[in-house]
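We call the chains A, B, C and D, going by the order they appear; numbering starts again at 1 in every chain.
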Amino acid sequence: MKISIRSVLDYTIDGIADLLVQVEAAEMPHQAVRNARFDPGVTEHFSRISAEDGIGTRVWLRSAERLNCTYTAEVEVSRRREDITTMAQDPVHKLPHEAVRYLMASRYCPSDEFQSFVGAEFGSLSGGACIKAMSDWIEDCLSYVPGSSHAGTTALDTFVQRRGICRDYAHLLISLARASAIPARMVSAYGPEVTPMDFHAVVEVWLDGGWRLVDPSGMSAPDRLAIIGVGRDAADIAFLTSYGFVTLQEQVVDVTETA
Amino acid sequence: MKISIRSVLDYTIDGIADLLVQVEAAEMPHQAVRNARFDPGVTEHFSRISAEDGIGTRVWLRSAERLNCTYTAEVEVSRRREDITTMAQDPVHKLPHEAVRYLMASRYCPSDEFQSFVGAEFGSLSGGACIKAMSDWIEDCLSYVPGSSHAGTTALDTFVQRRGICRDYAHLLISLARASAIPARMVSAYGPEVTPMDFHAVVEVWLDGGWRLVDPSGMSAPDRLAIIGVGRDAADIAFLTSYGFVTLQEQVVDVTETA
Amino acid sequence: MKISIRSVLDYTIDGIADLLVQVEAAEMPHQAVRNARFDPGVTEHFSRISAEDGIGTRVWLRSAERLNCTYTAEVEVSRRREDITTMAQDPVHKLPHEAVRYLMASRYCPSDEFQSFVGAEFGSLSGGACIKAMSDWIEDCLSYVPGSSHAGTTALDTFVQRRGICRDYAHLLISLARASAIPARMVSAYGPEVTPMDFHAVVEVWLDGGWRLVDPSGMSAPDRLAIIGVGRDAADIAFLTSYGFVTLQEQVVDVTETA
Amino acid sequence: MKISIRSVLDYTIDGIADLLVQVEAAEMPHQAVRNARFDPGVTEHFSRISAEDGIGTRVWLRSAERLNCTYTAEVEVSRRREDITTMAQDPVHKLPHEAVRYLMASRYCPSDEFQSFVGAEFGSLSGGACIKAMSDWIEDCLSYVPGSSHAGTTALDTFVQRRGICRDYAHLLISLARASAIPARMVSAYGPEVTPMDFHAVVEVWLDGGWRLVDPSGMSAPDRLAIIGVGRDAADIAFLTSYGFVTLQEQVVDVTETA
């Protein structure tokens, strides 16, 4: 799959703010980025650093009054779909230490709270079959309703309210997976099928010795996504983290398949 | 300072559980560990992995019915006190990427919520002077009351309730620091002055190019602590994380200065 | 059923505190109270007021250093069990205004959050059949685990964690009922079958023109309970509400069937 | 003050829903309502009931697909400003039982959590002087920022975030007052000075034997408000409570001084 990406963040700023922007598609196996251009707009500083787990990049900007940055790129995705349902769960004592981090509860994924539920609902399953059942359960039980959640919504809220958007679906799957001792991390991505078109959030779970991408919203698939970055949850992969108060003016995400 | 450490975790287990234990003093600069012995009790598996940021170790155990493990060691601490009040705050765009992670909100430290407060209360300060003022504010405003908080208490709860124990003090300082764009992580440690004697939790903030240890509870100091491990908050450095339900029978922490 | 009740609250107080105690069995239809005695211990003030909805009484005490009060009484309960499963749900527009209050979300019962879940899980049912299904669902899905919850635990927490004690069971049933437009209130009571013996919390739902008592924990039944008081949730019916900090020394609840 | 009021609620409904609407100015001492008209739009049922504490009315509607109701009235307000700063705090044991209810924690006002803070910050004050100091503290420390809070925001969130709108200001003052053993309830109202124009939320505290109106946002005053209803917090006085899912299309509030 080849896609063409354009994203714009346009915010007003109360005075001066330090801004951490994470919108660039990652250079990584199974996706090649071409003609990438990040235009930070008017800014005092600009520095690019490696993002979580060495996947993708974050950009620090220091801007006054207004952030108006544009990212454009073409990405060729050669990742393939895998059937995770038969994949084995690695025993926790054989996990690499960098995966163990993704067993821990995080800001939006208080996974420790879900142990009884996953034991009762998915306790007879393990590995890929368990993740598949959890993902199906989420797709069955939740309604995709833009506007039904907000920046503070946790997996606990979503589990009760039974509605949300991609980030809420992802937070819930991550929480259920971790509660079953399966490492899970959140992935931000661009995909041409995302509706309504926006930054997308999906999940990677650690199965059979590696990270496997799952989209609990059912909107996309591993071969249809260009990954931006990974982290514990939305707190780590936000397209914009600001030190200072900002107000959204306009946000554009445009992803088109080009071949 | 030379200290002798003994800690015991004694829990009953509902059936079989995977347990992640983090109680060993770290081999690291400024502390030398001698005669360390970790006795896991009766267990099916035992594996030791590197902990967060390569500091210290975690042990996976798989046990049935009962966890009863004992750790003993002698540690010589040669860390020195530093005056942080004059230390400069590194601009965010000059932070190493592994410190940027510690700017993000985490399970118990929803730092994004504190931006207005830190702006109003500490906005005229920066760097070490700011951390000192925050730590003093916490010591002034909070009461140290064992039993006043629980495993789910967040920095937000503590900020309202104005009471807690070392982990709550640490979570609050971490949240305030991150809200001011100063990276902060949580540190578990043993210290002979901790009262009542228990595992202790303190904070490291990134100032002037390195991590600086601060104890907002005022109980200990960098030269009086043997570090176990570091992480984003209590979720990362718990002495016991269990996959399966466990019930506390007895927990012993005994730390004595030996020379 | 005739029961003999003895309850003791023994707390130390930081200085002086105003205390609202609600431990007396209510004088009300279907239960006759005899030989009641409330000994407030040493106190500056003592005043008794009517409690919520005119059911039972609350006592204000003003005490220094220590609260040590004892209540003893004999209660004859003539309430009868009813089969609620066939009872009709009153349309909301025919509810008396004093029942409408019990449709609203409260401190521990954020019932508004449960509308999607109850629609999906119980949407085909109404009235008593719906309440019966909810109560059965709670008994099936939750484990009764003393110590698994705390004073701040809400129905949202309990719904996720799937464990709790009588107050948590009651908060969850109340939340589900209100989300289905069935008024529900919390009831504190004494019952000889409560295990471990303690103050008990159950639920009243408004069905077919009146309040109907349900115990989602399955421990007791309408004919086996002496009601103390009613309210929106635990915030309204606490046996002790204090203005000032108190620390539990001992609490005794002793309920025996006498005939 | 004479004002002319017009308010419109326009929502789409997923199927059929029961809706509780509370938008009518109350007939009560110090305000006379004239030429009131409530047009419920197309509806299956319509019934009006008395609201909390007998102040004002609530209307039940049962509507399909769309709620579009309009309220118009003219209100003459003869309430007077009072200087509350010298008013005495009634000892709790002398409060009427219907005021005691307003000491309890509620959905958005977890007042029990604020006892340490109010003790430290306002402990030397009582009665009206205490309420005045709390209200001033709120006006000083909070920023009025439309869009900074949401339907689930509690006083605990607001206390940390230091921003909100009228309902958040009211929830925080109510929480602080109750934590100081002063009964406090929430009041919905229309006022010509409210900016941006909307339903307004203020507070009544029980001082010197009666309810006293306070606006912690500083936007209005007792003589400049037409009261709609009262309750424990926003859960009790919402202009729209729905059993079924609704989506806002348009909401109009128009209040003009007419003489």
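Keep in mind that, in the parts below, contacts are C-beta pairs under 8 Å (C-beta built on N, C-alpha and C of every residue); 3 or more make two chains touch, one makes a residue touch a chain.
Each chain and its UniProt protein: A, B, C, D = Transglutaminase superfamily protein.
Here the structure is a predicted model, which means the values were calculated and not measured.
The rotation that brings the Cα trace of chain A onto that of chain D spans 180°, given to the nearest 5. Using the mean of the Cα atoms as each chain's centre, the chain most removed from chain A is C.
Chain A and chain B touch with mostly matching residues; of the residue numbers seen at this interface, over half occur in both copies. Centroid to centroid, with C-alpha atoms defining each point, chain B and chain C lie 40 Å apart. In this assembly, the C-alpha centroid of chain A lies 28 Å from the C-alpha centroid of chain B. Centre-to-centre spacing of chain B and chain D amounts to 43 Å, using the average Cα coordinate of each chain. Shown for chain A are the residues that touch two or more other chains, namely 157. The touching residues of chain C, when paired with chain A in their complex, are 113-114, 116-117, 120, 141, 143, 156-157, 159-163. Put simply, chain A touches chain B in their complex at residues 18, 20, 45-47, 49-52, 58, 60, 62, 91-97, 100-101, 103-107, 110, 112, 115, 180-181, 231-232, 235-236, 241, 243-245.
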